[in-house]
Structure formats: structure tokens, C-alpha cells
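In what follows, structures are represented as C-alpha cells.
Each of the next two complexes has chain A plus one more chain, namely chain B in the first and chain C in the second.
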Partner chain A sequence: MPRRIVVPFGPQHPVLPEPIHLDLVLKDEHVEEALPSIGYIHRGLETLVTKREYPEYVYIAERTCGICSFIHGMTYCQAVEKLVDCTVPERALFLRTIWSEYSRLHSHLLWLGLFADALGFENLFMASWRLRESVLDVLEETTGGRVIQGSCKVGGVRKDISGETLERMRKGLDIIERDAGEIADVFLRDDSIVSRTRGIGVLSREDAYALGAVGPTARASGVGIDLRKTGYAAYDKLSFSPVVETAGDCHARCAVRVKELFTSIDLIRQAIAKIPDGPIEEKPKKNPEGDYFARSEQPRGELVHYVKGDGSRHLVRSRIRTPTLTNLPSLVRMLKGCNLADVPVIVLSIDPCIGCAER
Partner chain B sequence: MSYLSRSPWLLHYDASSCNGCDIEVLACLSPLYDVERFGIINTGNPKHADVLVITGGINEQNRQVVRNIYDQMPDPKVVVAVGICACTGGVFRECYNVVGGIDCIIPVDVYVPGCAARPESIIDGIVRALDILEAKKERMGKPGGTGPAGSPAGGAQ
Partner chain C sequence: MAFFEMAKTAIGTVLRKPATRRYPSVAPKSTPLTRGRVSIDPSRCISCGMCMKKCPSGAICVRKEEKTWSIDRLKCIVCNCCVEVCPVHCLTMDTSYFPCVTEHRAIDVHVITYVKPERPKRPETGEKPGEGTDGSS
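Right, the complex of A and B next:
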């Protein structure tokens, strides 16, 4: 009769770039139960909303997470814009869409690299991160920052992109698409990747729905939720369909992210083709009053920013709901019954971003 | 870097960073910067590491974790604080759960500012840290030289 033992996983663990702690209850090599505990990087940045004026808080909102920083800043702006009666000009909405999609490309490529590394596929890690650098070059050229962009503001955006640069970006996308095609082929078809991921960490459609999974984790289990379909920023003027897989295992979650690279590239192409001329910002007419919550699709899933103002320059409350925290119950379900050796791959398969989750 | 006679191994720990500096630390390993060609390896084991690269500030829960990791590393060792949060607490210093920079818990040898710190400046900081590591190693064998706790930065130990 095998004994039950508890193995601690984290907070400092080679496979995790960020600290999260899991107590794994094992019977032999099988995980009977996984108990997560978090709080290692909790800062409490939501309270800063009372210490910074509302236009300044965009910078703090961006620093919720360094990987999807632009989308955090944009979602905060979307919420505040409703409170200050401000209509964002069309061109700014398109620019936000373009930067959001470049952020998604960089986030997914980063994840694909880390995932390959967790599988022991060092070469593929390098290939993914080399491609990611060409995405970061575009972000740096157009916003000035590689990972923290700071180009979004309440009422619009801070910087415009010239037609010449847009044309160069459009041409660059062809190269990104070609290189992404090469690594996509390896991720989807390589024998060693398929054998390490297929049938591992299965999350059924019912579980995904009941446990409130979001983003690629939900879409890989056949739940077709994509907040971009709600048409914020300029997504209502672009056509795309969410990538949905049905297997619900680690391979399906990987496949969703690989295929979303091409959706993002296509969306940027459409946005560059349709971007109108005009102003890029509108000044807010009053201080924020009332409350509102804005939702958007982050690379990891649904992001919600709630803000509440009382008519002064400072908001009284901000609340952020991030996708990783929402996906943790699904992760606990996936880990149940897996082998100890598969734990790193399954943990990575939800694309955990602890920086967001703990704020 | 022709003076590098050994291959320094790094341990990277995210104290309470937003991830921005962490992915830039990892970017140093990617083909564009590729510090592995100098024998610099990002290890996961504190007992293997010479250089502790920390991003983000100290908060109530990770205080003991950072202390434990530092204590487990063999001497001589150096600490590089990457990003403004690790240096001083940065934009988060007014947050209720943030105690301050890394140097309120363990001695820091090199401070790399920036939000997020760029890979170039991270590499520069680590190269400077290697000089300090070499100097610490020389001092170790000598009478009156510093033992395990010895750090020119003074420090909290």
C-alpha cells in the first residue's frame, strides 16, 4: 500500500520564472491533489489608485504585468473613459488594436519558448525567442519601450505611427508569419512534443465552463469565449474567428496559442489596411464620476478593470480581475491524477502570469 | 570579457516584480544577446549559483524566501538587483505590502536601474558583479579576509 506524501513545488523552481507554491499530495508518482498557495509577489497596487491622479495611474495599471502591459493600460483607460465622457478617436482605437495584437504575439511567443524549455526542447526555446525579438523591435520602434510601452492614455494614445512605418510593419509581418510558420509546424507535429503533451492534463468542456476557465485554456476545451468579439477598440471593424480546439489537453492549449499567432498577424494586417486618418486623442471633459468596468481579451484570457470615481482627480477604488487567477481552479483540476513528471508542463500550459494574478 | 576565467552561474528570483524585468533577464539568454556563449548559465539551484539576480521588491511573504535562497548559495557570492523595484521599491514603494528594495533584507552588490531594465544594462550589471565576485574570492583565503557573511556592501547580515 503506497504511502501518501506531500511534495512542495516552488516558490523558487527551475521551470517557473515566477514564484507560485503548490503542495502536491502524491501516492507513488501520481498526484492525488494539488493545493496552490500564492502571495509571494502581492504588492497591493490597486490601493495606489487613491494616491495617484487618474491619468497617472495608467502607468501603474501597465505595471500590473510586464508581459501584457499594454492591454492592462488600455483596459484601465477604457473604463475611465466611460467616467469622464470621452470619445476616443477612430485612429487611436486602431493604434490600440495594433499594439494589443503585437503584445499578444510577443506574449504567445514568450510562452511557446518557455513551454519548449519545460519540455527540454532548448533549440525551440531559442527559435521562439529569436522570433519574439523581431516583434519587440516593432514595439520599441513605435512606442519607445520593449516590454512596458506606456503609449496609452485616457482619451487616446500618446504616439502616432506614420504611414511609412505602418508600411514597413506590414512588410515585416510577412517575415514574422514565415518564421512563425516554421516553429508552428514543430509545435503541432513534432513527435516528442506530441508524446509529452497529448492526453496530458485534460480539462473537459463541462469542467472548463463550470470552473470559469478563460482565454486559451477555455478555448482549448471547446468553450469559444473570446472577448475581442465584444468589439472593444477597433475589433468590431475587423473580421476574425476565435481559435477553438476540443481535446482539452496540453497539446490543444499549445495549438490554440500557435494558431492565434496567425490570427493576430491577420488582425494587424487588417488594421493597417483600414486605419483612418485623424486625431489620436481627445481631452477628458471632467473628472471621473460613477463606476464602470471594462473587459478585454488578454493573451491569457478575460481581463476586467473596475474603477469608481467621486468627481475628484483621484479614483476611490480600482479592482482588477486577471485571467491567471481565474484559471487556477482549472489548473488544480488538471493536476489531479497526473504524474509528478508532467506537473511542470501542466502548470505552464495555462500560461501562468503570477505578476498579474497577485498584483 | 577576455578576463573571465570561470563560468559564473546565475540564479534568477522574482521577488515581487511585474514580470517586465524577468522577461528581460530571460531575453539575455535568447539568441540576440546569448550570454550562454560566455558560459553564463541560468540555473535553478541556489547551491550551484554564484550570482543572485533579483527582480522586484521585498514584500511580507517573500522576505524569508529571499533570505533562504541567499543563505543557501555558497561563498563567494554576489547579488544583482535588477530594475528600479529591486533597487528601491520603485513605483510600488507606497503599496501597503511592499517593504522596500532588496537591500533591506540582503546585501546588494550591483544596482541595475530601469523600468523595465533593458537586457544591455542587465548584462552590464552582471559583468560588473563578476569583478566584485573575483575580488571577494581573492579576499576569502587571506587572514582577516571575510568569511561567509563578508560583503563590502556592509549589509543586513
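Right, the complex of A and C next:
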């Protein structure tokens, strides 16, 4: 007769630097139920919006997350730009697209490294992070910051990229693509990775849709939702198709992210080829008034920034919905019935970012 | 074939130079745009306090009476905001990072040495009310 025991997982755990706590109800080695709890690193960033003027809050919006920082800043700017009736110049939109795709590259490479590390594949972890370093170098060279770029502002962008630098970036992409190809081959075909990930943590298409999964978690289960298709920034001028896998297991989620590396590289190439000349910012003419939801596709999924203004320099309300919080119900479903030894891999497969989920 | 591939990689890795920099002897990598730390030229600061007002983390403190400009390096998020708003461009962004500290006190205090230039005396004698000619503060 198997005994039921409860094993606490986190908030401090060797494979997961993020403070999430899970109570795993076990029957022998099998997880019967997983009860998540968060609330370890709430920082109250949304309240700060009333204490800072709206142009300065961009810096705080960017610091919501340490990985997809640029996209947080950009989405906040998109929302405020609607409130101040400001049309962002074309060139600024293209620059935003380029930086978002570089952010996606570095976020996915970071995740791939951590995933390899969770499987005990140290070598691949190092290889992924070494490649990530070359992406960070480009970000630092063009914006001044490695992970906190700080180059987005309400009405445009702060920094321009010269034609010469764009050309160098285009050439650098070939090297990144070649190195990514090598890593991708290992992630998609290596026996030890496949045996640790295939058929584990399966999320069916119906469940993914019903539980509101977003981003690569949804796309790995066959739900082809990609917010970039809504055409914010300059995505409406670039052609791409979302990467969709159908298996719904950990390997599929890994494969989606691996393949998205190449989509991002392709998008950056297109953006560099199509970028128009012109101004990079437009000054807002009035204070924000009204409310607006801005949505964008983060490396982890759909991000929503809600802002509300009353015509003063300070906004009255800001609300951020991050993809990790939305993916938690799917995670609980995936964990049901898995082995205890697979829990770290499954938890990591949704790419949890509790820092931005709690704000 | 896989074995030769592996042996080639292994030998290459042994013979190659390390991928990382020997940090204290070799300077860390930086670009002209790198945001390292904020530095001030105290001889040009007019104590307007714009940097203090706009700083998102409240790291900068300007005291007009004592003529000091101070920054808490541990609060500063190096966002470049103060450098952008400074009307006289006395703040600049240094590309080297602030070094590590062992105490939780890293407040840099600079004494502002700016002297307001005296306004040239007007040749005509007719003085308008409210327009002071006193240049000292």
C-alpha cells in the first residue's frame, strides 16, 4: 500500500534560482498533486507608478524583469504613447524590433543553458551561455547596457544605431546562427536530452487552451498564438510564421525555443534590411489621459501592461500581467502524475520568471 | 566519425587560450556607450537639482546651502537619466563600473566649486526694479 507524503520544493532549490514554492503530494515516486505558492519577492513596482513621473517610470518598468527588460519597457511605452497621442517614428519602431529580437535571443539562450544544467549537461550549459555572451555584447555596444538596455522612451528610442554598426551586426548574425546551429543539433537530437525530456510533462492542446497557456508553452502544445502576429512595433512589416510543435512535452517546449532562435535571427536580418532613415523620437505633446492595454510577445509569452492616467504627470494605475503567472495553472497540470525526479525539468520547461510574476 | 570530432574539439580546447579574460590584469570589456557610473564635474554644476528631482531611485542629493552634490552608489541604477536632464552637461557617464565595496556605505560627496560669473555692469544708469546686480551667492 503506497503512502502519501508531502515534499516541499523550493523556494530555494539548486536547479531553480527563482523563488517559487511547490508542495508536492507524492504517492511513492509519483506526484499526485502540486500546490504552488508564490509571494517571496513582491516589490510593489506597480504602486511606484504614482510616485514617479510617467517618463521616469520607464526605467522602473524595465527593471520588472532582469531578462526580458527591454520588452517590458517597450510595452509600457506603447501603452503610454496611446494615452499621450504620440506617433512613434518608423525608424524607432524598427530599432525596437531589433532590440526585442536580440532580447529574445539572449533570453532563449539563457533558458536553454539552464535547461541543460537542470538535466546535468554542464558542457551544453557553458556552450549556450558563451553564445549568449556574443548577443549581450551586441546589446551593450548599441544601447550601453548588457541586460538592462534602457534605450526605450515614451515617443521613441534614446539611441540610434549607425549604418556601419548595423552592417557589423548583420555579419555577426551569421556567426551567431552558425553557433546556434551546433547547439540546436544537440538539443534536438542528443540521446540523453531526448530520453530525459520526451513524453514528460505532457500538456494536451485542449488543456493548454483552457488553462490559458501562453508563449512557447502554448505553442509546444499546438496552440499557435504569437502576439508578434498582431503587428506591434515593426512586426507587421516583417514576415515570419510562429514556431508550433504538437507533442506538448518538455522536448517540444525545448524545440520551440531552439527553433525560435532562428526565427529571431531571421527577423533581425529582415529588420536591418528594411530599416528606414528618419527621426528616432517624437516628443509627447500632452499628459497621459484615459486608459489602455498594451500587449506584446515576451520570450516567455504574452505580456500585458495596463496604464491609466488622469491628465497629470503621474499615472494613477499600472498593472502588469506577466506570462509566468498565466503559465502556472498549466504547470500544475503537467506535474500531475510525473515522477519526482522529473519535477525540476518540468518546472523549468515553462521558463518560470517569478521575479516578474510578482513584481 | 563522432570520435574524431570529439578528439578534435578536445585537443583544440586544450591548446587554445582561455575564453574568459584574466580580469585583474586585463581590463574588462567596455564599449563607448557602456553605462558604468555617473561622474560629475563640480566646477560646472549650477546646483539646479534637476538630477535629484528626476532620479528614479532617489540616489542623488544636491544641497544648495552646503554646496555639495552626493550620490549613493548602491542606490544608483545607472539609468543615464541624470546625464540626460543636466542643463549644463556637468554629469557624464563613465564606462568603468563602480568597484566593489565591503561596507554598506558608498556615498560619494562632491563639493561644488562653481562660482556664478558676475554679470557685466550695464553702462546706462537707469536701473529697473527687481533686477539685482549682485553676482555673489
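Some observations on this one:
Note that in this section the second predicted complex is superposed on the first by the 359 of 359 C-alpha atoms of A that agree within 3 Å, B and C clash if a C-alpha of one lies under 4 Å from a C-alpha of the other, contacts with A are read in each partner's own complex, and residues count from 1 in each chain.
Rule of thumb we're sticking to: a contact is a pair of C-beta atoms (placed from the backbone, for glycine too) under 8 Å apart; a residue touches a chain by one contact, two chains touch by 3 or more.
Computed from a predicted model, the values in this text were never measured in an experiment.
Residue contacts after overlaying the shared chain place A:65 against chain B, while chain C stays out of touching range.
In the overlay built on the shared chain, the residue A:142 is in contact with chain C alone; chain B does not reach it.
When both complexes are overlaid on chain A, the residue A:19 reaches chain B alone and has no touch with chain C.
Of the two partner chains placed by the overlay, neither chain B nor chain C lies in contact with A:253. Of the two partner chains, neither chain B nor chain C is touched by A:104. In the superposed three-chain model, the partner touching more residues of chain A is B, compared with the other of chain B and chain C.
Legend: residue contacts after superposition of the two complexes on their common chain; A:130 is shown touching both chain B and chain C. In the superposed model, A:353 lies in contact with chain B only, and not with chain C.
Shared interface residues of chain A, touching chain B in one complex and chain C in the other, are 59-60, 63, 130, 145, 148.
Residues 12-24, 26-27, 29-32, 43-46, 56-57, 59, 61-62, 65, 69, 91-92, 94-98, 115-116, 118 of chain B are the ones that touch chain A when the two sit in their complex. Those residues of chain A lying in contact with chain C across their complex are 52-53, 56-57, 59-60, 63, 130, 137, 140-145, 148, 150, 158-159. Considering their complex, residues 11-15, 17-19, 39-45, 47-48, 51, 59-60, 63-67, 69, 110, 113, 126, 129-130, 132-133, 145-148, 353-356 of chain A touch chain B. Note for the complex: chain C touches chain A at residues 19, 29, 31, 33-35, 54, 56, 77-81, 84, 93.
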